[in-house]
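Report on the following structure.
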């Protein structure tokens, strides 16, 4: 690895001056392709200053050194180098700048796991040629892909951070979180509905309970329901998913109990309309036009129905508060609603309002993650720039850690 | 002045609906044919297909349904015309149940017009559930994921699929997507692991969200909306429905731009007033 | 008529399609029975279509036929019956609606959600986090050289100046979504930058979406124009008249009813 | 019983989750086979899941018809559409084309489903215009930025705009490739982290609302 720059240097010093007759490639070896499912071999050999477009390399393979060899590949000798970015430094089958060829099993030359195969190279220019030694290797499936170990480290590290911050939040759920602009409006909207004696409409979006945005929407619904119970206003929650409805029913009921108004809870404040996008939208639009809710909440994930809902809502003069991570619909919410929680603000709002340790902890964990990524982006760019100016590969020891390898 | 502005701000939205309908209808009845400029992201898809050798395997996934037909069908038709002209082997499929009939129709129509045969030059596999699980399944063994094609012909032994075992044997793939189950899923569960080159065609709604993937090379090209389809039609030098629609598109955009400007003019007139509209 | 006569089912189809399209557009006037009728028909038909295709694809092609084949070939081998596991899990899912045994559906959900979560985690990190970091971290000096003018090339997405803008954008928007610190001082400047970036992107998305929606309308109008031709016996024009008249009739009836109610 | 209802689902989620996280890093054929088999199972299970939504729809409208609530006639129309399509579909064995001609099922698809779905979405074109007129105001600096960027893209993406104001084309390309990419990327990173966190919580049994509410949880 350390002599990788050296090889490059040699390449440049060399040039066409060396163009003699073909010589066998140096350092030629065959090995099982690392980090794969088997049935493939890898060939490695040193770069030579005399590699040119005119000089070609042929790969010959056989089931054993004695058996008849078969030509399986041919290419110009100045191709198939290991380039930066091909392999991470911790799992390189060959040094950067060396030649590397993956020989997969094919119909022309099938490779089975567990049996040794013999391979040799032929270097050829015009009618002159030179053979390499015969090398042998056995293909085998691997149990771990080392090139992706950084990915696994991220999973483990993030799990640790997440569990740590949830535990911290359990001890102290009142960690400082920044103010979120749209949230003050929630109280205002509920107050206004009470004054006007009109209901509040709350939608939880189109997603199922396995989406972050839906979970956040149900948590916020719980907080809204508490306030609604205290103010004694009507709450209407039309649903698209029976499971989400079942969850919301529980949540609203608990909120009423917590607010000390179990008597005011109505089972039918949560009701199912249909799973179909546009039937649902038309039905909700109908509710908006007939009952003229004073406040409309749109939380969760949305698709094309967003604008149909918010435009109708705006025409009835309701205060509209939206929160979604569906980035493709955000422009419409931002333009047609009074307040919009953008992307992760929705998750944050659910933690902020409920102070549920799991949610607060998760938010904190994600913040750590983001801070880390911001650091990587800024420092990484600085390092990459230094590397480019100083023309050194050393920076790749750090940068490779944050790359995606296969 | 202010009274007028107030009246205009509160105008019945049905007037606006009529304006839009007129802006689309008139140019469709009497087109003016403006030239179409080709963007690099569309050119990239064209160039890649152009460079593929004959009988390469091209997978086209129809990840949309009739609700996005006007935008994505012209893209599909243009891509298929190009692929058939280049004599590629085309595999079609869909992740969207309700788009199945539509996709099959497009295949039959373009194949008939270019004289390509089902089973020999192309196959339409139809729909199968599972989304990402389906892609993984196809990546391992195509014949397990789709034992038979849309016409219930067994897929094993079809001439068009000769030498194709799984997604690794696909040379190029394009996902025409209208949302969720589409380009990103194909990248994450397909290309990422089975290493084929891919591009995306999408509705205008999701196109902006795909630019980060374009930049990072996760997709090598992007055809966005009707404009993208029109660009592709320009590249293959065969005008179709997309090019024909662009005049109406232009007119409607201009009506909306004028509306936005008017809205702001009225807003500024009324701004100082008390109780001005929110 | 210069062109050949169209088959009767095509003409009928054109009438049905044009009628349903116009009925749905009547919603733009206001919510009305014609719209409701076609909207409910739409839901019914799409559900029916899904049922038919799901039956043929899932039950016949993926489940029934492979099971029949494997059991027919090796009735004694337990491997032949392995597909009964997903079939059972699928049935468990449907117990959701039978309160006594609805807990069985949890097992199916656990299976599906567990698989989904497990599969998604490493792939999300790879494609949406690492790959995105990789493409954002670029040297600010262009690799190919070219000096200051190459650095300032706005048209080239990978040029130095665009790398800097991209980096500022990503970092400031990420900072905006950072909740552990209050946005004051330098934080406020960064967060404000993030908001501006967000607004520009939303604007671009809005513009792009306008394009998308207008295209759909063009598609529908194209069909309506085709169906208004003589070959389709002027379906669109006739049905347009029918729709408008029905709406007028409906308005009159509704107004009269309302009038009676107020008098009572 | 409590174990079956409460612990077993959580145990299954944990085992499946951890197993398929690790699967990603294991290139061995055994691991590949595992994911192939289970993906195929998922295909089948998700086919059943489709019926979950249908069943609730069936139920809602059946109740409406039985009780003859106002507008029950529409529910009847829904049933007619559904049953008609199913009869045609099963009669034609799910084929839209047969013997080179269109089947009744194919006809229903082409002349009812396609126009209905397309029309539903195209209504949005009208709404987007009225939203633009009513809501696109330069109320604040942020709103003005949004407005200008939207107008530029609307111009730059159509031939007439490119013709009248040629620079909008280049600016649109730049906006999409650079500014828009930056924002999308940041949102993507943030939201992905949220998704990974949720998946981890689901696997570890911290988050269990996806199993549905109910007293026995």
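A, B, C and D are the chain letters, set down in written order, and residue numbers restart from 1 in every chain.
In the analysis below, a residue touches a chain if its C-beta (ideal position, glycine included) is under 8 Å from a C-beta of that chain, and two chains touch if they have at least 3 such contacts.
Predicted model only: the values in this text are computed from it and were never measured.
Chains C-D form the pair with the most C-beta pairs in contact.
Farthest from subunit B, judged by the mean position of CA atoms in each chain, is A. Between subunit A and subunit B, the centres computed from C-alpha atoms are 24 Å apart.
The distance from the centre of subunit A to the centre of subunit D, with each centre set as the mean of the Cα atoms, comes to 19 Å.
Separation between the centroids of subunit C and subunit D, computed from CA atoms only, is 5 Å.
Subunit B and subunit C have Cα centroids separated by 13 Å. Across the assembly, subunit D contributes 21, 24-25, 32, 35, 38, 40, 42-44, 46-47, 50, 52, 56-57, 109-110, 113-115, 117-118, 120-126, 128, 130, 132, 134, 136, 146-147, 150-151, 154, 157-158, 173, 176-177, 180-181, 184-185, 187-190, 193, 195-196, 198, 200, 202, 210-212, 214 as residues in contact with two or more other chains. Each of the following residues of subunit A touches two or more other chains: 148, 151-152, 155, 210, 242-243, 274, 276, 278, 304, 327-328, 331-332, 334-335, 343-344, 370, 373. Among the residues of subunit C, those touching two or more other chains are numbered 27-28, 36, 39-40, 42-43, 46-47, 49-50, 53-54, 57-58, 62, 96, 113, 115-116, 119, 121-129, 131-134, 136, 157, 167, 170-171, 174, 177, 198-199, 201-206, 208-211, 213-214, 216-217, 219-220.
Every residue of subunit D that touches subunit A in the complex is listed here, in rising order: 21, 24-29, 32, 52-53, 56-57, 60, 120-121, 123-124, 127-128, 130-132, 134-136, 146, 150, 184, 187, 189-191, 193-198, 200-202, 204, 206-207, 209-214. Across the complex, subunit C is touched by residues 14, 17, 20, 24-25, 28-29, 67-71, 97-98, 100, 126-129, 132-133, 136, 147-148, 184, 187-189, 192, 203-205, 207-209, 212, 215-218, 224-227, 241, 245, 248-249, 252-253, 256 of subunit B. Subunit C contributes residues 9, 12-14, 16-18, 20-21, 24-25, 27-28, 36-59, 62-63, 82-83, 85-87, 89-91, 93-94, 96-97, 102-103, 105-125, 128-129, 132-133, 136, 154-155, 157, 162, 165-174, 177, 194-211, 213-214, 216-217, 219-220, 223 to its touches with subunit D in the complex. Of all the residues in subunit D, the ones that touch subunit B in their complex are 32, 35-36, 38-40, 42-44, 46-47, 50, 95-97, 106, 109-110, 113-115, 117-118, 120-122, 125-126, 128-130, 132-134, 136-139, 147, 150-151, 154-155, 157-163, 169, 173, 176-177, 180-181, 184-185, 188.
Subunit D makes touch with subunit C in their complex at residues 4-5, 8-10, 12-21, 23-25, 35, 37-38, 40-52, 54-57, 59, 71, 74-75, 77-86, 89-90, 93-94, 102, 105, 107-126, 128, 132, 142-143, 145-154, 156-158, 170, 172-190, 192-193, 195-196, 198-200, 202-203, 210-212, 214, 216.
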